[in-house]
Amino acid sequence: MNPVNYLYLAALLFTIGAAGVLIRRNAIVVFMSVELMLNACNLSLVTFSRMHGNLDGQIVAFFTMVVAAAEVVVGLAIIVSLFRSRHSASVDDASLMKL
Amino acid sequence: MSFPLLTATAALPAVGAVAVAAVPAARRTAAKWLALLFSLGTLALAVTVLVRFEPGGARYQLTESHAWIADFGVRYELGVDGIGVTLLALTALLVPFVIAAGWHDADPSPDSGGEAPAETKHYRWRPTQGFFALILMVEAMVILSFEATDVFLFYILFEAMLIPMYFLIGGFGDRAHAQGEEAAATQRSYAAVKFLLYNLVGGLIMLAAVIGLYVVAGSFSLGEIAAARASGELEMATNTERLLFLGFFFAFAIKAPLWPLHTWLPNAMGEATAPVAVLITAVVDKVGTFAMLRFCLQLFPEASKWATPVIIVLSLISIVYGALLAVGQRDIKRLIAYASISHFGFIILGIFAMTSQGQSGATLYMVNHGISTAALMLVAGFLISRRGSRLIADYGGVQKVAPVLAGTFLVGGLATLSLPGLAPFVSEFLVLVGTFTRYPAAGIVATFGIVLAALYVLVLYQRTMTGPVKEEVRSMPDLRVRELAVVAPLIALLIFLGVYPKPVTEIVNPAVEHTMSDVQQQDPRPDVEAAK
Amino acid sequence: MDNLIALLIAAPLLGAALLLCGGRRLDGAGHWVATVLAFVSFLFGTVLFADMLGKAADDRTVQQQLFSWIPVEGFQADVAFQLDQLSMTFVLLITGVGSLIHLYSVGYMEHDERRRRFFGYLNLFLAAMLLLVLADNYLLLYVGWEGVGLASYLLIGFWQHKPSAATAAKKAFLVNRVGDMGLSIAVMLMFTTFGTFAFTPVLESTGETSEAMLTAIGLLLLLAACGKSAQVPLQSWLGDAMEGPTPVSALIHAATMVTAGVYLIVRSGAIFNAAPDAQLAVVVVGAVTLLFGAIIGCAKDDIKKALAGSTMSQIGYMVLAAGLGPIGYAFAIMHLVTHGFFKAGLFLGAGSVMHGMNDEVDMRKYGGLRKYLPITFVTFGLGYLAIIGVPPFSGFFSKDKIIEAAFAQEGARAWIFGGIALLGAGITAFYMTRVMLMTFFGKQRWQPDAEGEEPHPHEAPRTMTIPMILLAVGSVGAGAFFSIGDRFVNWLAPVTEFEHPHPVISVPVITASTIAVLLVGAALAYAMYGTRPVPVTAPRGSLLTRAARRDLLQDDFNHVVLVRGGEHLTRSLVYVDHTLVDGVVNGTAAGFGGLSGRLRKLQNGYARTYAVSMFGGAAVLIAATLLMRAV
Amino acid sequence: MSASAVHSLWTTAAQQPVDSIPAPHIEYSQLAPMLIVVGAAVLGVLVEVVVPRKARYHSQLFLSVTALAAAFAAVVGLAATGHGTTKVQIAAMGAIAVDGPALFLQGTILLASLAAVFTFAERRLDPRAHGKHVDSFVAQAGSVPGGEGEQAAVRAGFTTTEVYPLMLFAVTGMLVFPAANDLLTLFIALEVFSLPLYLLCALARRKRLMSQEAAVKYFLLGAFSSAFLLFGIALLYGYAGSVSYARIAEVVDGSVRAIDPALAQTMGNDALLLIGGAMLLMGLLFKVGAVPFHMWTPDVYQGAPTPVTGFMAAATKVAAFGALLRLLYVVLPGLNWDWRPVLWGVAIVTMLGGAIVAITQTDIKRLLAYSSIAHAGFILAGVIALTPDGISSVLFYLAAYSFVTIGAFAVVTLVRDAGGEATHLSKWAGLGRRSPLAAAVFAVFLLAFAGIPLTSGFAGKFAVFKAAAEGGAGALVVIGVIASAIAAFFYIRVIVLMFFSEPKPEGPTVAVPSPLTMTTIAVGVAVTLALGVAPQYFLDLAGQASGFVR
């Protein structure tokens, strides 16, 4: 099957993720959308790796997962503390600072 | 390596500024005397420079040159020509008077006099020290800018001197303001900001031009650039030269100031204390006109010639417009400010008439205008400090109660309307003749300035000094010794230079000849000879 | 000997410096210092005069170069003097009359607390006036020119606490400035034309330039003269100038300063000779002013203003004569000198009258004073006879010569100007007779002054009477002395070349008609003021009278056109400066502020909005890069 | 399995089955700075575990200061031994470049962090809580703002000493970022310094809600942007078949030798390259805070604890610009004609946007945030120059700017009222009367920001504009000049406020700090004036350091 299709899929996922970030209010969901974007990147990386027949891309993908995990740790910590102080995880509520 | 006289002349007041600033809060008087001392020392050094300077000698004398910022092609290069040395002397001469005249301007105000010391203790705020330190700082920068023969060095000073000036304008104002202290403060800071922004914008435009100059010429040294141009190895494309010229001229025209970039001056001079106003118009603004002679004409002769018609028209507008607005003012200091705008019009006219009479006249004019405005403005300041109002309408019949004050005020005024026998007449007439020989029409228009000058000066004098004595001025004391000591020498100088300007012209003429050759201009010959 | 020229000026200058800077210490003796110094310079003048008489007529001119004043490339202005017959005449007139008036002032100003300053100003005036007539170049002359203007300003406004005085002073200075403008432009024009503005080179090389240029210079000089000598259209200041103390009016606004214009024209004779059009203009101005002043003189009730009008008209005569060229120069100067005597005398007389009448100036409140002020009456009377030109008094000789010269032209001009000159003589007789009658004859019409104090007319102290007497002598004898054997003409001829006028009608006829005309005028005046009583309050009078009282509406014109117009102009300019010039700048600032405020709204605090902007930015970035490649 | 597969540090493990795994070759000495800092960071974590609470503050402070100092010493050593000029090389099997820019920027970052650590450690400003010194960080990050948990933590005198290891990790990432020589390292470094910063932002002692909000915004947007960056990496990798800078550069400018069919196929597709490049660019522009990727800046700067803000503002910019320079000068020089116009646009909108919006700001920290945006624009102008002068000018500007920034924010920490730092401008009225010294110092920094001569700001601005003009970007210079004119307006506004307006009776007081903050401020002023009056030495340094290793 033509590897390019994977790329299209990756692009699609990436866009969906981005759209999620732009549309959704709940911080957790926004964050998940970001993760989706990262995974889209992974998919394309792996695809390219396959096309080029070298492993760099796949290695990068691994690292991306690790980074994503780290982001989850940090992100969740922040979001949770925010939730605890405001009892809401909506990113729109967090708008004290503006202008 | 001889003694760096020029550096010393600029360094002494700078050191003085630091020293004065360091004086503890309580020792106000000590700070004043220290400042006066340093300014006098600077004057002494300036006189030495004047003595060491040989009018007939090399174009730039007492030169110093040290590596500074190689990456920017910048050197610390100093040197004075006839014009620079004259203005240097003027600056060094005026500052002691400014300091002496402003003796009490920065004292904690009497109305809050009771807790003034307490306040200073609480805030560790030392206005007096600051005031005199800033004045000395300005002096240092102005002097150095007259000495700089490196464009970058000059630019840096041109910009940097705004800061102390800005604090002088915004930080210290006339006491007992008509609309109360609060309104006065807001007006002051408005004036200060206006002053700074105007000049900063000019400076930044100039910055672009300075960079452009470097890109084109690859050097900032006046000497090198001039040499390169002379030897033809530096060719400036016409448009480049014109753009660069405009960049420079714009900044100088704001500083000078030239119509329509003048509106900052009345605010600044109106709100600042009289001595500071003198500092602005008699010292700092001269840097602008000086720079036109030194940089615009030397670096961009072709472009200067190209721009001359427009500039002449603008300066004519300045002359008439400034005078007319002076007639229309209700505020003494603003009136003097507009008068200065008119005079700056004359100076710029003289510079760009491109005749030796015009340029010698312009240089002489800078000196004379400095002295005459100082005299008039300082006396006005003494007057205002007595009555606590700047409005002409609040005065009347002063000459009856304070004849000496009135007399000195009149002499200052007569100098401002350039009465023959007083210094300004010489320069004004030179400018007029110099202009007339090349642009008769312009000369005639400018002559109208004479009549208008008489109008605003005499109206001012009549409304404030003559007529029945107003109640508020009845108890007005006459000039005190300190004040007389400030004004008398200035007046003496005005008379001396009016009768015998030769010492100055001798120094200035060679420099002017150099400038004239820079712009490849000859004086137009008289018709009679031309006919032969 | 030559250094005397400098000392001539130095003496009064020293006096001025001493008195003005000396402070209270000199309050006591100051006036004597000044007077002595005035006489000293008169002494120097006479010495120089004697010296000059010793020389041959054609090399009496003395040049003295003091120092180089403004040395600039291609521009030489020196402080240098030229003493020739013309300037010598003026020196003697100025220092002579000047000293007498100093003496007179000692008495007149006795009770003024600012007397010291007054004498300082007087000395200053003497110095400036001498500089004016002694300068050897137009620029230095200009210095003196403005110097006398300053002195006149200070002296007119000497009683500054009177707003009217301050205004009059300001007006005088401003109007003069307009004239000065003409002079300075003329000097510039000379510089561009001849490359110099020293008398000798300029006047000798008039042949080398175009007539048009000379006409231009001539007209500018005429403008200057109009300002200084109160000729139409710049005459309006002279009447107001009477606000000054009477000695000032006598010295500055009658005898010397106002005649500087005539000096200028005569001095520049070479230029005018080569520019007929300019000459014609001069003649016209003179003729017009001659009538103008005379008419005003007829209408004024203020004795000094009446005399001022007369001064205007007499100077009109001189200017007219000066405009006639070589046939007139000498007579212009001659009339100038005689006028100096009798007009100064008249003014001093008027001063003495006022002195006796609690400073009352309205002639309608005089009357019958001849008994109380005998000396004044006599001296004034002699001056009167002189001015109306009764033979053999001095005025007769000088004025008659001018009238002859006026008739000595080709075509209609002769009749026009001759006629005007003749008519002027008649009017002069009329208004001077009027003054005479209203002041010294008729019933007493004295009124209590502002403090309700009845006037007690009394003869002035000797310091005042002596000058009056001496001047009276001058006004009696001078004319005859000058004219016998054409002394004066020959004396001046080397400087202002002279031609004998050839009137279109024979001289005796002119003389006869002159006398006839003046008799008519005098008779008319007697009929109007000598036979019937003079009302204390002025009758409304005819339209012409009312106009004449208002200086023929000249001031009203100035007020409406210049003052009002100027005020509107400046006020609107102030507005423009504030709203337009400043407004643009403030507007830009405000514009940025508004823009900032609007852009600020984008920062709405919502993370998702920020994300949108990032996303959009990325899209634009990508699009742009692709586009760059595409193009 | 082409050679390209083997060169990279990350892919050595992926070879054919062998009996022994060849260890990658690491030049430890060249990597010393980063290694020292990361080691210290790890140690710091251990300290949190083993050292009793009382001693943590001091030990952590000591640890991080020594580490940073040592790292800086190492950088100096490397530079002295010519690794920045003659012996430039690519270390760690192509992962890290050790060359002039890298060393210069690492040095700058280390010094800046050193200065920042002192402000982190300041404990004199806040009033003592229950007799214990407190710094500007929350007692216990987990506790609910205003809840019992927090009060208890305060009572117990807890302090979040974790900030030091966090900061050290961030510094590590920043050190690697400008030195990264392949895309993966770039990405890792980015995350390594971003994640700790997210956390640091959330740790303010006062105004915790704002602090947490700042953290969330920063985190979400940061993650969002790094996703773009990563996708860009993927595309570039797809285009060039490698993540190594050198390799990609070869492919981009077509000087690559062995071309296998796959590569040939992808090479043909410029879209990959351009889109990838653009996304990568966007990721970096986000970090430098260029319009339109700047919107996080004001909020985060305002919400974060001021010491962190200072650290971020200074160090992050340095690191990010370093990476940007390397990317543009080493990887994508073949694409000049594509990215230059784009950057032109970005620079212009950044300069103007930052300056204009700043005019109407009312909070000093937000004001400085916008000013930092404007400055990013100025620096971009230098980046565009594309000449060695351009590089050196940017390096100089970054050095100058970072010290001014840290100093300025340090002063901001001093101005306090009951509610902690008084950052609203209205409260700064008349500060010059109350404490002339502090006001004067801050004025110096403002003037430097405004680029007034005799301050480092002017020297930097001049250098950058000069480079841009020589690089043929005259128009950019003119716009930059206009922007600085606009910018001058609001810096001056603050000065007017401080000196010319009457002090408010209930106005804030200026706390007297401990020697720590004083040092920071003093250093800031000293560097500002030194670089302003006699910049030659540092310009030389930057000039020598302006050569990228390829």
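So that you can tell them apart, the chains are marked A, B, C and D in the order they are listed, and the count of residues begins at 1 in each.
Convention: contacts are C-beta pairs under 8 Å (C-beta built on N, C-alpha and C of every residue); 3 or more make two chains touch, one makes a residue touch a chain.
Chains and their UniProt names: A = NADH-quinone oxidoreductase subunit K; B = NADH-quinone oxidoreductase subunit M.
Not measured: the values here are computed from a predicted model.
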item	value
Where chain C and chain D overlap in contact partners, by chain label	A, B
Which of B-D and B-C has more C-beta pairs touching across its chains	B-C
Where chain B and chain D are represented by their mean Cα positions, the distance between them in whole Å	45
Gap in Å, rounded to a whole number, between the CA centres of chain B and chain A	65
Length of the line joining the C-alpha centres of chain B and chain C, rounded to whole Å	37
Whole-Å gap between the CA centroids of chain A and chain D	24
Touching two or more other chains - residues of chain B	197
For chain D, residues contacting two or more additional chains	216-217, 220, 224, 228, 298-299, 489
In chain C, residues with contacts to at least two other chains	589, 600, 603, 605, 607, 611
Listing of all chain pairs that touch each other, if any do	A-C, A-D, B-C, B-D, C-D
List of chain C residues in touch with chain A within their complex	600-601, 603-608, 611-612, 615
Footprint of chain C on chain B - complex, ascending	197-198, 259-260, 262-263, 321, 324-325, 327-329, 356-357, 360-361, 397, 399-400, 407, 414, 419-421, 425-426, 429-430, 432-433, 436-437, 440, 443-444, 447-448, 450-451, 454-455, 458-459, 462, 465-469, 499-502, 505-506, 509, 512-513, 523-529, 531
Contact set on chain D toward chain C in their complex	216-217, 220-221, 224-225, 228, 270-271, 274-275, 277-279, 281-282, 285-286, 291-293, 295-296, 298-299, 337-339, 341-342, 345-346, 353, 356-361, 486, 489
Chain C to chain B touching residues, read off their complex	20, 67-75, 79, 139, 142-143, 145-147, 150, 153, 157, 160-161, 163, 165-167, 169-170, 173-174, 177-178, 180-181, 184-185, 187-189, 191-196, 205, 208-209, 213, 566, 569-571, 573-574, 577, 581-582, 585, 589
Chain D - residues contacting chain A, complex	1-2, 4-5, 8, 10-11, 14, 141-142, 144-145, 183-184, 187-188, 191, 195, 198-199, 202, 208-210, 212-217, 219-220, 223-224, 227-228, 230-231, 233-235, 237-238, 241-243, 260, 262-263, 265-266, 298-299, 302-303, 366
